[in-house]
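Single-structure report; data block below.
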Amino acid sequence: MDKSHVEELMRKNARHTAQGAVASYIPELKKQDPSLLGLCMMAVDGRTLSFGDDRSRFTAQSIVKVPVLLAALLDNSLERLFQKINLSPTADGFNSIVSLETKSDKKPLNPFINSGAIAALSMVAGEQPEEKFRRVLELFRRIAQNPHIEVNEAVYRSEKATGDRNRALAYYMKSTGILECAVEPLLDAYFRLCSLEVDCHDIASLGYFLARNGLTPQDERLADRGACRLIKAVMATCGMYDGSGEFAAMVGIPAKSGVGGGIMGVVPGRCGVGVLGPALDEHGNSLAGVMLLHDLSELFDWSIY
Amino acid sequence: MDKSHVEELMRKNARHTAQGAVASYIPELKKQDPSLLGLCMMAVDGRTLSFGDDRSRFTAQSIVKVPVLLAALLDNSLERLFQKINLSPTADGFNSIVSLETKSDKKPLNPFINSGAIAALSMVAGEQPEEKFRRVLELFRRIAQNPHIEVNEAVYRSEKATGDRNRALAYYMKSTGILECAVEPLLDAYFRLCSLEVDCHDIASLGYFLARNGLTPQDERLADRGACRLIKAVMATCGMYDGSGEFAAMVGIPAKSGVGGGIMGVVPGRCGVGVLGPALDEHGNSLAGVMLLHDLSELFDWSIY
Amino acid sequence: MDKSHVEELMRKNARHTAQGAVASYIPELKKQDPSLLGLCMMAVDGRTLSFGDDRSRFTAQSIVKVPVLLAALLDNSLERLFQKINLSPTADGFNSIVSLETKSDKKPLNPFINSGAIAALSMVAGEQPEEKFRRVLELFRRIAQNPHIEVNEAVYRSEKATGDRNRALAYYMKSTGILECAVEPLLDAYFRLCSLEVDCHDIASLGYFLARNGLTPQDERLADRGACRLIKAVMATCGMYDGSGEFAAMVGIPAKSGVGGGIMGVVPGRCGVGVLGPALDEHGNSLAGVMLLHDLSELFDWSIY
Amino acid sequence: MDKSHVEELMRKNARHTAQGAVASYIPELKKQDPSLLGLCMMAVDGRTLSFGDDRSRFTAQSIVKVPVLLAALLDNSLERLFQKINLSPTADGFNSIVSLETKSDKKPLNPFINSGAIAALSMVAGEQPEEKFRRVLELFRRIAQNPHIEVNEAVYRSEKATGDRNRALAYYMKSTGILECAVEPLLDAYFRLCSLEVDCHDIASLGYFLARNGLTPQDERLADRGACRLIKAVMATCGMYDGSGEFAAMVGIPAKSGVGGGIMGVVPGRCGVGVLGPALDEHGNSLAGVMLLHDLSELFDWSIY
């Protein structure tokens, strides 16, 4: 990886940060600085390159759906998990409720829309939601090699205060038997997980872990190859909200975005990538982040297709 | 590639041909023999291995959406093409009409559902649908190195006689301006393309061509890398109807199926794959074919994720 | 009925003709004069009062769905008719196709949305669509006591040229078995029926006929009370497109509107009403016409509720 | 009214009670006796006739949506009320959530589906839901001349325990700003109102009140004619769930049903009707009750159409 070429792409795409808009449906997220652009790339050989605002902190938001799904895969058989959640990509929005009523099996379409992530969290080990929360947090911390990942309390309170759409999704799933536990404590755990504060290095580590099919930098195996490949397949087909198809065509790597402005990418067998750019496009993905990943994919020939 | 291991997988999966059912909505397809199982693998170094009913002939059906999209990409700028068609994977069925009304832009969700393929065909070069038909046919023949690919007239007549759902899709798109040409002649070309008769070698050649990003066996370049990657991205996210997400998770290669029982797969940089198994699963994909591809993917470590 | 009070309401509501807009999706309808306002009331005792542009001619458009349904009721048992068409009011638009796919029985929701009217026409007596056309036309002429009702050829050609949405509906119903006859000739008959040219007196006669539960002015019985009541019930619940509920609440009489600007109303046991006002509201109903009917309903205490 | 003819119709329709099934989604309702059939007719001149199980008690369920709408109309301007709720009949089920997402204005379709009734209750006068509950209860008691109408505590607890679908609806409306108050206390009031225990006389009184456009038996005016007509119009178009259109065609009077087995009907200017028959048809309406009302409508020529 040649630093100067990447620096040039950082400069080029920094201008695009002015074109998007920070998320506004969670009030606390409105306070983010839209002009930030950060990048961290972590190669499987351990070398790490970082640029721009790579140490700025942001909340993981939907990126946490990846460790949630990982925990659900570790704690359940595939058969059991897919009795509750499908693996269908969708053109509907990430918080759409329509398919819960119209699809005959009532299952969330996939684990990366909100309903599916909430259902996946309900299947993580732990009697109480608090235990499920700790299970996912500890997994995330170990993968990121960062014991300091914590909840941003202000964002958490803001999510909880304005999380009525997620409540609608959860109560709907409760009414159809997809959720079997109490709704409000589960959502509390979900809101706290979405509010975990990370930086580009943390999410690049998550990508690195998937790029190596389940190994930490210390070669500790936390998951098997099958689980990691399944996660990357879901990322590739559903990871960028309803922009997933376009992202596959234009960038071509498994990735998961969050409305906090982060994008976590995986180049299988090669590297993990973490990007920050809080100004979002119409799909809810970091606008400059997607453009930067497009350019990096061209530069390094990352596309898996 | 070790022939004896593959032969074992062929035997193992041949039993699964009894579990699916041949397509019945096109009367002529009901005549297919559900017990067939054929395989052809064409490595980028030119070596070809074939098994079982690899020389049985079947109609391409939705597999032809791949050369249709290729022709549309060759004959239009990306910008122009995506004014008419989106790139969104979907959990709706391949012949669903709902999103043409409910999505605000009225565009087909992607080029591999019926509405999107019909729209793509309308954008292939040629004043008359007959020319569009010949353009796609010639492209397919050159890629497959087989000038004998022809329309199965009985299937074509059956498709045309029972193609009212496609007429509904096409007239709907005509009413919203997505289609700009006369509907019935365009559908006639579409029905003939779906009725092209191929064998496992022909579709494996298509996969080989995409695996090499646009080169024929004679190293003739018919398309650039960008177009081929886009097609593979659409295959990976939308190629297996509403079973695309599950196929990505379980098999992990870009593929396109047809209700004639064929599946065309691509292992980028490695090989093209053609499978035949007319008995279909609930998504409309070859049931034994998907299981065989799963086993082959495990054996040869094909997953791109 | 006091003429001067009505004249005052005509003056008051004539101003509202400036607020709506003539239908534009059928090019020929764009030529209509939006400032027209006509009224004809025909009491069951035979007295007729008319005002304003009561002799201006316009095309019946969806108002013809009433004689179509009447003919279908005369020519079929209720049981047979409702194997093909439901009686459900709907909040969807008059030309929506979504429910044909999403409702499990695939039947048009009711006989007054386009799909339902086309299905009803297919069940009118007559081997050929031409005969079905004549059957409805003759029924309409006899009820209106006007043998001169004819097709407006320019509007018919315009409807036919731009009727692709109706073709989509019809081919969809053909694909699910709701329609059993050839689509294009049936639509030709449908387009001609929609293009029948009438005036306020003609449609008031239709209302008069229903107000008297099946009797012409000459006391000739053309339909029984049950059929007429069913039609009025469908008018009351589905007659004003997706403005039917609001119209019931605000005006309170069974009515059927057309995008040609006409509204045909029935005050059961009292009178038939015909209104013309080509400028339409957002539901596709005559804007000034609805307001005039509201005022007339207040004045004469017409509400059936 | 001739008692012997009605008694004959009671006997005839009592047999149909065996064809339906009591509501099962609220566990406590499963305990109802499906064989009950009760009738009370209350003419505007004060005469009351009652038959069968007219004194059996049942919970009002959706019938309470009528006094809820009445209270909302009394406590708000029409303009304000219809900023929150539409008046559109619908073919969707009473607890459907789809249209809250798909309709651009996000408003409940009408006040008689669950979402609309919850929204209407939120607009009833009272700072706290407890006050809204008392407001509706007192109104119902005064109209029914029955101060003993009380909550059935077992049914209330059962509704509350299993009311997750209503929670989904309410939280969805909270997320879009339709609901402005806290969800759970409002739903608590809603569940208690649905659980009010009544008999055929109580609901016939409600019909009597609407038949007289707002007058109690003591000629006390509790509402004006306009509000009562609006309510009857909504009953006529939306009162019998997705069976409203068929009921209009086959019975022809404004009515409101509840899954407790009750149907409250109004013959404007003539009488109020209360029916009990806990075995329900596929729409959720009393099966024998609808058939009895059909026969009574024929006998007494009740249809308003």
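Letters are used for the chains, namely A, B, C and D, taken in the order the chains are written, and counting of residues starts over at 1 for each.
Heads up, the rule we're going with is that contacts are C-beta pairs under 8 Å (C-beta built on N, C-alpha and C of every residue); 3 or more make two chains touch, one makes a residue touch a chain.
Since the structure is predicted, the reported quantities are computational estimates derived from the model, not experimental observations.
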{"item": "Shared chain contacts [chain B and chain C, defined touch]", "value": "none"}
{"item": "Chain C onto chain D, rotation angle from CA fit, given as a multiple of 5 degrees", "value": "180"}
{"item": "CA centroid of chain A to CA centroid of chain B, Å", "value": "31"}
{"item": "Approximate Å spacing (C-alpha centroids) for the pair chain A, chain D", "value": "46"}
{"item": "Distance between the centres, which are taken as Cα means, of chain D and chain B, whole angstrom", "value": "54"}
{"item": "Residues of chain B touching at least two other chains", "value": "102"}
{"item": "All chain pairs that touch each other", "value": "A-B, A-D, B-C, C-D"}
{"item": "Chain D residues touching chain C - in the complex, by the definition given at the top", "value": "86-92, 99, 103, 109-110, 229-230, 232-234, 236-238, 242, 244-246, 248-249, 252, 254, 268, 303-305"}
{"item": "Touching residues on chain D, where the partner in the complex is chain A", "value": "96-98, 100-102, 164-165, 167-169, 171-172, 174-175, 183"}
